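Below you'll find the structure, written out as structure tokens, and then a few comments.
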Amino acid sequence: MLDGDPDARFLGGGTNLVDLMKTGVERPARLVDVRELPLNRVESAPDGGLRIGATVTNSDLAAHPEVRRRYPVLAQAVLAGASGQLRNMATVGGNLLQRTRCGYFTDVDSPCNKRVPGSGCPALTGEHHNHAILGASGHCVATHPSDMGVALTALDARVSYETADGPGELPIADLYLPVGETPHRETALPQGALITAVTLPPAPTAANSRYRKVRERASYAFAIGSVAAALDLRDGVVHDVRLAFGAVASRPWRAFAAERVLTGAPAGADTFAAAADAELTAARPLPRNGYKVTLMRNLVVAVLSELAEEAAR
Amino acid sequence: MASSTSSDLTLSVNGEKYTLTVDHRTTLLDALRERLDLTGTKKGCDQGQCGACTVLVDGRRSVACLQLAVAAEGHEITTVEGVADGDRLHPVQQAFLDLDGFQCGYCTPGQICSAVAVIEEHAAGWPSAATADLRPEAGPPPLTPEEIRERMSGNLCRCGAYVSIVQAVARAAEANGAAAWGSSATTAPMTSPARSRCSTATRTPASWAAARTWST
Amino acid sequence: MTTATTGRSAAGVTGTAHTRVEGRDKVTGAARYAAEIPFAELAHGWLVLSTVARGRVRALDTDTVLAMPGVLTVLTHHNAPRVDTDFVGMMGVPPDPGTALFQHDRVPHRGWPVALVVAETSEQAREAAETLVVHYDEEPHDVAFSAGREAEAYPVDGHMPAVVEKGDLDRELAASAVVVDAEYTTPEEHHNPMEPHAATARWEGGRLEVVDSNQGTHWVAGDLANLFSLDPGAVRVRSEHVGGGFGSKGVRAHQVAAVMAATVLHRPVRVVMTRRQMFSLAGYRSPTAQRVRLGADPDGRLRALEHRSLNQTSTVHEFVEPSAAAGRSMYAADAHHTVSRLVRLDVPTPTWMRAPGEAPGSFALESALDELAEKCGVDPIDLRLRNEPAVGPVSGLPFAGRNLVACFREGARRFGWAERDPRPGVRREGRWLLGTGTAAASFPAMAMPSTASVTAEADGTFTVRINAADIGTGARTALTLIAADALDVPTDRVLVRIGDSDLGPAMVAGGSAGTRSWAWAVTAAAEELRRGLAPGADIPPQGITVRSDTTEAVGALAQKERHSFGAQFAEVAVDPATGEIRVRRMLGVFAAGRIVNPLTARNQLVGGMIWGLSMALHEEAVRDPASGGVYGADLAGYHVAAHADVPHVEADWVDDPDPDDPVGIKGIGEVGIVGAAAAIANAVWHATGVRHRDLPIRPDRILSAGGDA
């Protein structure tokens, strides 16, 4: 639908794109409004999972009975994001493709490797107290701002898209590219692809799940660290666990290393701390965001402890 | 006159139709303020970061600064000028006035539009980040001060009139018959607030052709 | 001139709750703010700001921009009208050279206006402004403020003397059994009124007319007349509804730019700041680095009080944030040394921001007192009561009412202070550690000369003309009540007109002195009118008007220590695992003169306390060392408290009429913020056992400070 035009953009809720047009970060020559497309339904998937249309608004997603019942972590993550007004506008597809809120990225008078490849990254030596500690590079330390994406990552969501050549699908873990030397290349979607749906596999574990977000206001602020977790305990031992971090990397961060430590281990604060440490050994904090390592470790222990308590009830 | 980067369109605002030609970059906020002389909707940040421009689009609260005017065509817009019933203030407006839910007044139209929607969203059973039990069976939570604060957090008030705003929203919600805090939770219908209210806006797109394209 | 009345409080409407007279207009959207007044043939100006922090403008590619659709002109230092800055304005200081737009090629800070693009529509102006290429000769800049800059700093008298010394500091410190020596910092803070600065200028019948959003039209009109070498009578500035000011809405680049463009184009021109531009153009509160040394006897009685404060200013103008002055009238001590100094950097000039000096100064001083209470093992309230002065601690002048003790007693009772366990870090509720804190507040009670007129209209109503500004304070409503009482008529027979420089000279909305100054003038005129009106007398069609000027009466006020006071209380919850802080409740009890309208006064005092909360936990503008500008210059990057941050906040007051004011007013605009951040910081210590001496106290600071329970 973009007719191969690299200067065209899909417009969903506009909560990020219109803002970026105003600041001059985005200067699309054409806009294609996709909100009237028939992609606004939440339906049961054949495998028992849930298929969420790409133009479902955040509000409708969070209020959906099946989401609240079966995937509470997702409803909580969505409700933790933005404001009531913005959730009414923002769409699922747009949420996944929103850009970083790094202040150097949004200021067109600043260098930024993500915006202007090769121009530099002032955050490395400048303001970075809310920048990435995991998976970043010397070229970019920006974080992905999504809350919803963190829950979807923990839930192994699959992202469906449409291109001129036909449909395709990606596991959400493969949606975002590593930062490396090309922070301006953010997703593995083909040029011109339109996200059409996000599918959640059936996940009984998700019935006992939650999202905890820490931010610098009690509401209406981006995270400085968040955890999406789902926990299934059998006889006090971790049978299944899903763990993802927000606001610590260029993408929602699936904590596979922590999950490996947890699976099969006895539930308890020591196990949870060991799991967090296993994930966070990869952390490379900058001079002024080392607190995030402490924060994420404490959050993992707190959230898993709460879920373990729930499971024991 | 329409051109490659502008369009003729009809906006429906507060029940009135307005036909105008807009630059494709023009936001709904600028169209309201600069073209329709509906200046009740305020421009506080123009970036979706303050809530002063909150209006109702098909009954749902939205920030007008991040919505393009061309994308608002076909939807029913309600601004603060359209909230009252003629000379009779909306209960939310009356409560803001009586309880002094403002100081400078600049965030006030946005707070009021937001509050009108919050009361409906709550009545429809929508949860918030302050809702302890998200299960639909739990029904809508009591509209406690914590619930109101969380739901109203997208509307900044630099004067710091938050305490009286929360009191005003609570009073208006009670007047509306919504479960006030302290009352027992009841099971509410899982309707989608507002959109069902505005018949003009329920459009079911049939195909990919529903996508609309604008040059900017 | 009548300067004293008695016995009216028992009967009149002053002191009773009244909803805002313009309230209906504000809740229906009918109230029009500066950018919302329509003008025929209106053109739109868009400011272009420098992208370098220091240097010169070498060239501007204006030709390209002039060819763009709708563009009418581009004003730069090459072609802009000349302005005169050699004057002292109403505020008693020369104008900030930042308002002298486009007069030379020098760039003294990032975000300095280098051009104004004017076009038929704001979209065209914006696009052209973004297209304009400006070439600079860039020079190295220095924006790094820190306590380490003390060596380059120098004291400057602002609206307070920079240096006040009494007694032998070293001797008293040496003789003190207990000494607190601590450093505190507060960050750069921005006013961020919800309504961005906006002005429309036009020439009409040989007069310059400006519709603006400001805190005093007489001030702005006077400065514009001086800048453009116009007769004062040739300038009219109107400002009916103002969407917040907090000190930022004086004479700023937008008005000057609009006047220049209207002069060049001979048509009305509107200039509105974007939120992002406000971070460069609207003024701000300087960061401060403060050191407090307190010396005391074992029982907490002060022997020595030293407070040194450092702030930054621009290279073009001196503005001092007199933080060290906060303690001069607060506590008795034999040695009392206070000094406010500044260091010049390549930054915009800071300005007055709600409680300039007192807000950051009280954070340091009232935190230090809490530390002293801890060291002495004395209750923080008792410590303050033990150091109550009988007269001004430095000045020796009598107080015009000092009811701080009553505030603490009443506040302690209502807050439940007596049950407080003084030990820190021992109260837990789930994941939260709980604590409470207190602090004192004070703010000068001033009155400034103003003029007013009151007209008895032929229809039995009364029109009050006073060039007041209602920036959300409720001044319009307060003056309605005061006039009604002075005239002895119901409020619905009184119409108060404000916000128009043609109404004559009057105090600005600032210094917590607006309503007091205006009320004085209104009372004088109204009472004289009332006395002169024979009962049943015929009123001619043009009405009967009485004018007042309080210059003489205000000037005759005896020298006294005149202040509002208050006691602040806060309860906080801190999650040591995540660093999250929630304020659970706040209470402020104030002695702030006679309260004219309890409904709006409570709101304003609570609003001040919420500013204190926001200052304590949220607000910080980070100046990027590389670019010299503010990082994340918007309301997502610069956090102010949102609904969810604000618990139930209560403000109340004790009876405290000013004996020398005709209405008994002192002023309530600023005292609410003073001490509020310290009360919260002290509560965070009580919750966690860790002192936080740097604002804002954010999760990263809680986590980095450790003390994890």
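Miscellaneous remarks
Here the chain labels run A, B and C in written order, and each chain numbers its own residues starting at 1.
Just so it is clear, a contact is a pair of C-beta atoms (placed from the backbone, for glycine too) under 8 Å apart; a residue touches a chain by one contact, two chains touch by 3 or more.
Just so it is clear, the structure is predicted and the values come from calculations on it, not from any experiment.
Ranking A-C and A-B by contacting C-beta pairs places A-B first. Seen from the Cα centre of subunit A, the chain whose own Cα centre is farthest off is C. Centre-to-centre separation between subunit B and subunit C, using Cα means, comes to 32 Å.
Mean C-alpha positions place subunit A and subunit C at a centre distance of 40 Å. Rounded to whole angstrom units, the spacing between the C-alpha centres of subunit A and subunit B is 27. In subunit B, the positions touching at least two other chains are 25, 46-47, 149-150, 152-156.
Among the residues of subunit A, those in touch with two or more other chains are 23, 217-220.
Within subunit C, the positions touching two or more other chains are listed as 634, 636, 641-644. Residues of subunit C that touch subunit A in their complex: 51, 130, 276, 431, 577-580, 582, 618, 622, 624-627, 629, 631-634, 636-637, 639, 641-645, 698-700, 703-704, 708.
Within the complex formed with subunit B, the residues of subunit C that make contact are 19-20, 22-33, 35-36, 38, 121-123, 191-196, 241-244, 246, 274-275, 471-474, 599-600, 602-604, 606-611, 614, 634-636, 640-644, 646, 648-649. Residues 23-24, 101, 103-104, 106-107, 109-110, 122, 125-127, 129, 214, 216-222, 224-225, 288-292, 294-295, 298-299, 301-302 of subunit A are the ones touching subunit C in the complex. Of all the residues in subunit B, the ones that touch subunit A in their complex are 24-25, 27, 46-48, 51, 54, 57, 60-63, 65-68, 70-71, 114, 117-118, 121, 124-129, 131, 134-136, 149-156, 190, 192, 203-208, 210-216. Interface of subunit B with subunit C (complex): residues 23, 25-26, 30, 33-34, 37-47, 49-50, 52, 79-81, 83-84, 89, 93-94, 96-98, 100, 102-109, 112, 130, 145, 148-150, 152-166.
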